[in-house]
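To start, the structure itself, in structure tokens.
Going in written order, the chains are labelled A, B and C, and every chain counts its residues from 1.
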Amino acid sequence: MLYDNLSLGFATASTLANLGFCFIGVLLGTLIGVLPGIGPTATIAMLLPITFQIGDPTSALIMLAGIYYGAQYGGSTTAILINLPGESSSAVTAIDGYQMARKGRAGAALATAAIGSFIAGTVSTFLVALLAPPLTGIALQFGAAEYFSLMILGLISSIALASGSIVKALAMVVLGLLLGLVGTDIYSGTPRFNLGIREYSDGLNFVAVAVGVFGIAEILRNLEDEHERSVAVKKVSSLWPTREDWRRMAAPILRGTFLGSALGVLPGGGAILAAFASYTVEKRVSKNPGEFGKGAIEGVAGPESANNAGAQTSFIPLLTLGIPANPVMALMIGAMIIQGIVPGPNVATEQPALFWGIIASMWIGNVMLVVLNLPLVGLWVKLLTVPYYVLFPIIVGFCSIGIYSVNSNIFDLYSVAFFGFVGYVLVKLRCEPAPLLLGFVLGPLLEENLRRAMILSRGDFSTFVTRPISATLLILTVAVLVVVLLPSVRKKREEVFVDDE
Amino acid sequence: MKKLLAALGAAATMSLTAFSAGAQTYPERGITIVVPFAAGGPTDTVTRLVAEAMSKDLGQQVIVENVGGAGGTLGAKQVADADPDGYKLLLYHIGMATSDTLYRNLPYKTLESFEYVGLVTEVPMTILAKKDMAANTLAELVDYAKANADKVTVANAGIGAASHLCGMLFMSSIGTPLVTVPYKGTGPAMTDLLGGQVDIMCDQTTNTTKHIQAGTVKAYAVTTPKRLDVLPDVPTTTEAGLQGMEFGIWHGLYAPKGTPAEVVDRLSKSLQVALKDENVKARFAELGTTPSPEADATPAALKAKLESEIARWKPVIEAAGQFAD
Amino acid sequence: MVIDRANALCGAIFIAFGAYFGLNSLGMELGTPFRMGPGFFPLFLAGILIVLGLVIAIQAIRVEGDPIGSFPLRGMAFILPAPVIFALTLKGLGFVPSIFLTTLFASFASTRMRVPTALALAVVMTLFTTIVFVYGLNLPFRLFGPWLGQR
């Protein structure tokens, strides 16, 4: 049965025309996605209309899937090369990927990301094919209480994102959570913390905040000491991962794939956690956690695999329920409807060629991503030899266009300037931006699910421990807390007079 | 300085004359239709389908621009402020009428800031409950809800959303307030209905038809005067014995106030042509809706609709006491 | 007494943010556990943020940290306003002049940048983005805006 389905899928997806569309999709997605400040969502929204021109819905969706993978990888590329994440997951890649680039290992980082994505994509494609229906059943068991507990688990784990002070990391997470609440309270319609500006009533734009605290702050940091330092990036050593790199990336890729696949199935925002969770796990199991934040290849391999696996399995709720798990999936639904397919629980039985064609094209898209991007690694790395003072006006220009084009909202451009400033000052004060971004994406989800869980349980807090999945997640949280805090408490006692870090 | 001013003045006059002459040759360049919601949503889909058909008729590209935010009022404001030359239009749904009450400080005047082009479509609503809800008919559902008013939960996709309006109307027509559970968008609300985490939801056929057909939710009624072709087994609210629930999510096309009458007229004609397009009809049908008839795709019909809908929703929203700002 | 200035300032910033969010939350309905109001969750978070800020500030008193270092004032003066320039001129001047000005302005953040290079860079950037975004991807930008007499 599975074999029949997959062969139908591959027969559909591997016609010459569809392969062509898939390739064009991956190519365009990569090329636009690699422009700084233009995240995957903006890339897909920009390229979406092109797919409308294609008459055949299957081809159009295959091309769109290609654009999606290309855009995601393009986003990771800018995160690694210039510390500019376009979405929350590549914020994690930026932590160690950018450090690798600064040490002249951008090629290895990019190759690792591509290879990790490919392996994760392959495994999770087959997971989607095999397990889509049963996994959907599990995903539906997740209600507000479960999501709340899952988010708490994610937040506690995020402490590991910090390589410096834990207190500061926590403060950054909390600040991020609060910034995420800016906008309108969906329960009462009350505007909150938006300084009376209507343009912020749907919240701050993620890309604007991310570009501000990562990208702009990094540009300013590079401008600090330009008198003394001539090159920001050391000489590029080798484009390819060394044998040692291969050995080190294998296990993180597999763990990341597993974590990402599991979290991606949850339509209520599980995929957001995938990259963060993988980073935490890798840092925990690593023999030398001190390397993390300074260019550990595991910190690129794990999260990138988790992210791609999550991206892949987030198609499951889309294909089996017709429900978009994230803004990108919402765009996919729009594209399907334009093509005359209304996604719903019956797509798999009513349109088997389309359903399995898309699944097969996921894998084909991943193959093309690797085929296309491994040769491009050399080109991207060359970009780093462009003098920094030439590069950053370009970055600022593209960021302005990219951020504006998300919502056509000029106030998002003011946010970039503001968060660029705040981000730079905080980085200067030895606070790290990644926890802030995690808080920012989780803030609204955390509050929404807390309040929803309380409404559904009629104000009974015990709902979090009486529902079995939620209780399990909370027990895990306590376990993580113990594991994370114990060594650092011990360390603290030893170093208390030396430094607070 | 004087020379510069004179030059500027001349340029201004020239562009003005060029503009008034342009009315006969309209459209000379691409037209933008602002959708005040994110790409991929039902309004966006409706707009893209119509835009494609209109560009065939107008011989110019019609581009869709998504300006989401504040329940659609940010996009509406942008069009209200745009040059009244017919190159920037707005496609907004029933929210145009309800935001007049939901927002107490709108940055434009709903009835005075726009010219009317015409109605586009009216999407029916369906009343749903989770799959294992005991009630089998709308009457049973109403009885159950009345008896368990403090337990029955009604999901909606956020303040001002179709599901929110429908939920308010449902509660006001059964005369019993139920427990409202808001979500951010239709997707998560539908997920929780499918998973049985919430009891009732009322939403557009655009979002619900496939689930009803697949049997993953229970459908009790449609809010149209007649049964729908795509859902022949689902009775209308009136048939099922609930009065005052007839309504749909109507979509209208607007231009900024002061757009020349002949331009509005040209747009209105083009809209009527687009709504007869086979592709538009077929796609609309898959979404469980139909294009507005020619008589409704006119400025007068849209104006009348907007005025009557503002009057209709004002008391419902005020009674619920929920505002969006 | 030694003070780690970086941490003292850092703590102060967190406390300031906490105070902003906290004070605003107090003006909103807090609600009940059953139906939490819009102020409940942010007030709770703001409280935590203030406590964390205090902890950081107190830690600053005990140790001497690395100095904060200098701020790249020139860089900040040219980089931070660049997106704002784009925001302010896009509608009025149109896409082409707006992106040109934005790139040109940002160029001068570095002391290494010379005027001819900056001009060349801005021209290339303008050409490239216009071709890709306006012609290639059909984004709804106006090439030249009403301030230049274009309708």
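One rule holds for everything that comes next: contacts are C-beta pairs under 8 Å (C-beta built on N, C-alpha and C of every residue); 3 or more make two chains touch, one makes a residue touch a chain.
All figures in this text were calculated on a predicted structure; none of them were measured in a lab.
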Chain whose average C-alpha position is farthest from subunit C's own: B
Innermost chain, where centres are averages of C-alpha coordinates: A
Dominant chain pairing [most C-beta pairs in contact]: A-C
Where subunit B and subunit C are represented by their mean Cα positions, the distance between them in whole Å: 35
Centre-to-centre distance between subunit B and subunit A (centres being mean Cα positions), rounded to whole Å: 32
Rounded Å distance between subunit A and subunit C, as computed from the means of their C-alpha atoms: 21
Residues of subunit B engaged with two or more neighbouring chains: 65
Numbers and ranges of subunit A residues touching at least 2 other chains: 49, 187-188, 408, 455, 458
Numbers and ranges of subunit C residues touching at least 2 other chains: 138, 140
Subunit B residues within the subunit A interface of the complex: 38-41, 44-45, 48-49, 52, 64-70, 73-74, 77-78, 102, 107, 150-151, 153, 158-159, 179, 181-185, 187-188, 190-192, 194-198, 209-211, 213-214, 216, 282-283, 286-287, 322-325
In the complex, subunit B residues that touch subunit C: 8, 11-12, 14-15, 18-19, 22, 32, 61, 63, 65, 83, 85
Contact set on subunit A toward subunit B in their complex: 45, 48-49, 52, 139-144, 184, 186-189, 191, 198-199, 201-202, 267-268, 317, 321-325, 327, 330-335, 337-338, 340, 342-346, 407-409, 444, 448, 452, 455-456, 458
Contact set on subunit A toward subunit C in their complex: 32, 46-47, 49-50, 165, 167-168, 170-171, 174-175, 177-178, 181, 185, 187-188, 190, 192-193, 216, 219-220, 223-224, 226-227, 387-390, 392-394, 396-401, 403-405, 408, 410-411, 413-414, 416-417, 420-421, 424-426, 428-431, 446-447, 450-451, 454-455, 458-459, 461, 497-500
Residues of subunit C defined as touching subunit B within the complex: 138, 140, 146, 149-151
